[in-house]
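You will see two complexes here that share subunit A, one where it goes with subunit B and one where it goes with subunit C.
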Partner chain A sequence: MLDSFYIAWKYVSYNKIKTATLVACITLITFLPFSLELLLNESERQLMSRAVHTPLIVGAKGSSLDLVMNTLYFGEDLPELITMAASDRIADTDLALPIPMYVRFKARGNPIVGITLDYFDFRGLKIAQGRQLAVLGECVVGEKVAESLALKPGDSLVSSPESLFDLAGIYPLKMKVVGVLEKSHTSDDLAVFVDLKTAWVIQGLGHGHQDVTKIEDTTLILKRTESNVSATAKLFHYTEITEKNMASFHFHGNLSAYPISALIALPYDTKSGTILRGRYLSKEETQQIVKPEEVIAGLLQNIFRIKNVLDAVIAVVALATVLAVILVFALSLRLRQREIQTIFKIGCSRMTIVKLMAAEIMIIVLASAVLCSVMIFAVQNISHELVRMLFIR
Partner chain B sequence: MINVNALEFYYQKSGFHLNVPELIVEKREKVAVIGSSGSGKTTLLNLIAGIFTPNAGMIRVGDVSINDLNDSRRRDYRITHMGFVFQDFELLDYLNVLDNILHPYRITGALKLDKSVKKRAVLLAEEMGIGDKLKRKANDLSQGEKQRAAICRALLPQPELILADEATGNLDPDNKNRIMDLLFRSIEDHGATLLAVTHDHELLKRFDRVIDFKDFGC
Partner chain C sequence: MKPTGLCPIRNARSFGWVFTFMLLTLVFTVQKSPAAGPFTIYVANYPLQYFAERIGGDQVKVVFPAPADVDPAYWHPNVAEISAYQKADLILLNGAGYAKWVNKVSLPRSKMANTSRQFKDRYITTKAFMTHSHGAQGEHAHESLAFTIWLDLQLAVQQAEAITRVLSLIQPEQKEAFKRNYESLKEDLLALDQKILTIVSRAQSTPLLASHPVYDYFVQRYGLNLVSVHWEPDEVPGGDQWRELRRILTRHPAKWMIWEGAPVQATVGGLKTFGVNSLVFNPCGNVPEKGNFLSVMDRNAENLCAAFKK
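Showing the complex of A and B:
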């Protein structure tokens, strides 16, 4: 049999293009379903693991999927905003602990997540370098953000404007990096965490500027009365919160009317959770409460339904590939008829021909298997990032 | 060496009929077989080699009655006792010259490939003047070199009988004479018997004997 392999090896290595084509066909058709299965399993694991650890999410009525994806994975689709009153409403029920979140802005491509300190406890996030958020204008970055942007405590990070053409809108805020989180292998690694108030400062709801009561430049004053001073747009707004100007930062209006994208509700027990869910069932209700696990299960169900269709397509393509490979071997056998006749004449049996063909097929299948294994191994190694890229962000 | 008696072979569909009443070739004899195209010269070689089975008659090669052997033993006998030289050389493009010469050893269990065989193959190739081309692919050789490699392949198992079917048919006159010189010398050196089918009447004087198929009425 070794001699058959030797001759078969010589044949397949001589006919490089034919061999490469066959190996590529078999490799791809084997790799495709395996890698798909691998990625879907990984996506199920990633999506579910975070969802099952988040009891309830409250947000504006609309797409529950957008709400969950934005709250859990800081997805790009911003759900309809709600206000801080929603958080107060839950706190008042004494049924759950509300953790308001405002996921809207970005800093160099990474989501800025406005939260309260409860979020870190809830997710079990620990500071690897530096310290926790303490004052306005500070941020704590996830491990991957720190690595990709080469950030460490003491560095600065500027928020990105939502639109280049929004000149009168949101100013970039230069934030001070005070901490880097430990790696959590979740979306938190890719986020920039700020206090909710800092997020509102980014939006312009809170701001700091020159003291209008003390300025003498009349071009900065629009209207001055005894109780009120209106400034012109020429008034200098601070784009960085420092110790010197921190006192000048202030918020106008009622904080409970300030926007948040969602809030995570942590019921004190199962019963409280059920009661809380019941309070959002009314038709007139403008907010929804969702169980992320159910929403993600629905999403996965759809993904797996699509996967079933894909599996069927792949099965048909695989069958076509197998038939094509058989055809190639059959045609090759016909083309090699003369060679086979010569071998017969010299004195070999039909079994020798079968062995030679079997050895050729085995070499091609083995090469495909090795190549496929390497590719699957590579996909397995990057599946975490790949899933984040393809399914989550 | 070869003893054919009352041999009959026919294809019913085409009406081809070969009838050889008697054919005897002595050991170490070099015999040429001539005859018109389609008269059955190649068929006779195939019958003697045991590739075809006669409808009637007897074929003996050495002490063995070829048509009494079963398929497997006939193949083993052929590969160990007979060497084939073909008109189109029939070398395998994907093997180098040395692997082509060693090919019979790799496709049967009846021959054992060891270092001494490889050494003998190299020596044989050197004798044939292609010792420096052993690593080349068969396709890279000239026609003459290809036939030399094919002769090496036929001679390597040290067969008692060489069956040559138009061995010089695809060669130019210079190459033809050179190849025949080499073939005859090798056969003499190895003490083999040669039965060669040829159309080339210029070569006939080199043989000990010529059998004309006309004598069989074909």
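Showing the complex of A and C:
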């Protein structure tokens, strides 16, 4: 048998191109379904782990998927906004702790996530360098953001305007980086965290400017009456919050009317969670409460439906490949007719010829199996990062 | 026969190991029971500190880090103090926009308790002196809410009740003790409330002046006839302020001005020329030099007697 393998090896190593093509075909057709399975399992694990650990999300009625993706993974699609009154409503029930979030703005391509400090405790996020958020205008960045933008505590980060062409829009806010988070292997690594109130300052809802009632520069005043002063567009708005101008920053009106994109509700117990969900069932209700686990499970079901289609395609391609491989071998046998005749004439049996052919096929299949295993092993090792890069962000 | 001389050494080693093990066990046991100590409460003003200390007793450690010489409503803590607030087990707030710094810092909402949330519909909105407009946002005013809620002692009782509720949620096993302490505090506050009512009811419509607009809840509770100016106890008023006073007195013939702190003698003398006397009613927002919240309020009530003689 070893002799057959020796001769087969000599044959396949002589016909390099033909062997390489056959090995590549078999390897790819085996590798594709396995790697797809691996990546889907990993993406399911990653998507579900964050969703499972987030009990309830409250947001405006509309796409629950957009709401969950924006709240959990800081996705690009902004759900319809709700107000802080939604958070007060939950706090007033004494059924859950609300963690309001405002995920809308960006800083150098990274999402700015407006939160309250409870978010850090809830996600178990720890400060690796620097300190926690303390005053308006400060930010804490995720590990990946710090690495990619080379940021450290003491540096600055400027918020990006929502529209490049909105020249009369809100001034970008220069934020002070006060801390870098420990790596969490989640979307939090890619975010810039600010206090909710800082997010409102970025939007222009909170602002700091000179005291218009005490301005003496007449070019800054459009109209002054006993009860009102109208300032011109020349009035300087601060674009950075410092110790000196902190006192001038203010919010107008009731903070309960200020916008948030969603809120995470952490029920105090299972019963409280059920009661809370029941309170959002009315048809007149303008808000929805969703269980992220259910929404993500629905998304994954769709992904698996797509996977079934992919599997079918791969199966057809695999069948075609196997037929092609058989054809290659059949044609090869015909082309090697004279060679086989010679082997026969020098006294070898038909069985020897069968053994030779089998050895060739085994060598090619074995080489494909080894190559495929190496590739699957590689994908398995980088699947975590690959999934985050391909699917989550 | 083996030498027996080594045995005591071996025994000593064994004893050493056992002793070390016992010591480590003791250390870890002690470290594992942090719940035994009082939990820390950070507050936004002195009345809340007093209420929390009375209700919580030995079970709580109440911290109010503002310096003694500042008005806590306008004080701003530094980063270290904010960090201490963040690490507290509970943060008691007055509500009604008191302590402007709260809206400019990051605090964990799960630890914050607004002691006036239950009666926020009773907040008093103060008039804005000037509105202004700039940009596309239209006209807006920096109006605010009156915040010296505790000067209405009925509302102070409700604040104390809110503190009792939140303490009982955190330490349910102490619920009965907290309730007892609250009842005792409530009794004291209501007695004081009755005392003030009795004093002011002698001549409730007496026109009064206040050096600062901080008595809104006090006025509302006790039905006083009071007009406020913006005078500082440690500054002699300027010409405009005296002229404004003359104008006010023509339509509001007050004989007494209520001050947050003792005014300088020059101001007292100047007021006398207008026939206006001075009395101190300390809102007690910060820790008093002498006594406590109740004794300061009791002194305030005594000071009122002169203005409400029949």
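Rule of thumb we're sticking to: the second predicted complex is superposed on the first by the 382 of 393 C-alpha atoms of A that agree within 3 Å, B and C clash if a C-alpha of one lies under 4 Å from a C-alpha of the other, contacts with A are read in each partner's own complex, and residues count from 1 in each chain.
Definition applied: contacts are C-beta pairs under 8 Å (C-beta built on N, C-alpha and C of every residue); 3 or more make two chains touch, one makes a residue touch a chain.
Bear in mind that the values here come from a model prediction, so they are computed numbers and not experimental data.
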item: Clash or fit (per the criteria above) of subunit B with subunit C on subunit A; value: fit
item: First, second, both or neither for A:338, with subunit B first and subunit C second; value: first
item: Touching partner for A:375 - first (subunit B), second (subunit C), both, neither; value: neither
item: Touched partner set for A:352, first subunit B, second subunit C, both or neither; value: first
item: Subunit B versus subunit C as contact partner of A:367, first or second or both or neither; value: neither
item: Subunit B, subunit C and vertex subunit A (Cα centres) - angle in steps of 10°; value: 160
item: First, second, both or neither for A:135, with subunit B first and subunit C second; value: second
item: Contacts of A:14 with subunit B and subunit C, given as first, second, both or neither; value: first
item: Partner with the higher number of touched subunit A residues, subunit C or subunit B; value: C
item: Partner chain(s) touched by A:317 [first = subunit B, second = subunit C, both, neither]; value: neither
item: Partner chain in contact with A:275 - subunit B first, subunit C second, else both or neither; value: neither
item: Touched partner set for A:36, first subunit B, second subunit C, both or neither; value: neither
item: Subunit C versus subunit B - closest C-alpha approach in the superposed model, Å; value: 69
item: Those residues of subunit A which subunit B touches in one complex and subunit C touches in the other; value: none
item: Residue numbers on subunit A that touch subunit B, as the complex places them; value: 3-4, 6-7, 10-11, 13-15, 338-339, 342-349, 352, 356
item: Residue ranges of subunit C touching subunit A (in the complex, touch as defined); value: 76, 79, 82-83, 86, 103-110, 129-135, 137, 139-140, 142
item: Contacting residues of subunit A [partner subunit C, same complex]; value: 91, 97-99, 116-118, 121, 131-136, 138, 195, 197, 204, 209, 212-213, 227-233, 235, 246-247, 249-253, 255
item: Subunit A partner contacts - residues on subunit B that touch it in the complex; value: 46, 49, 51, 71-72, 75-76, 78-80, 82, 84, 86, 90, 92-95, 99, 103-108, 110, 113, 137
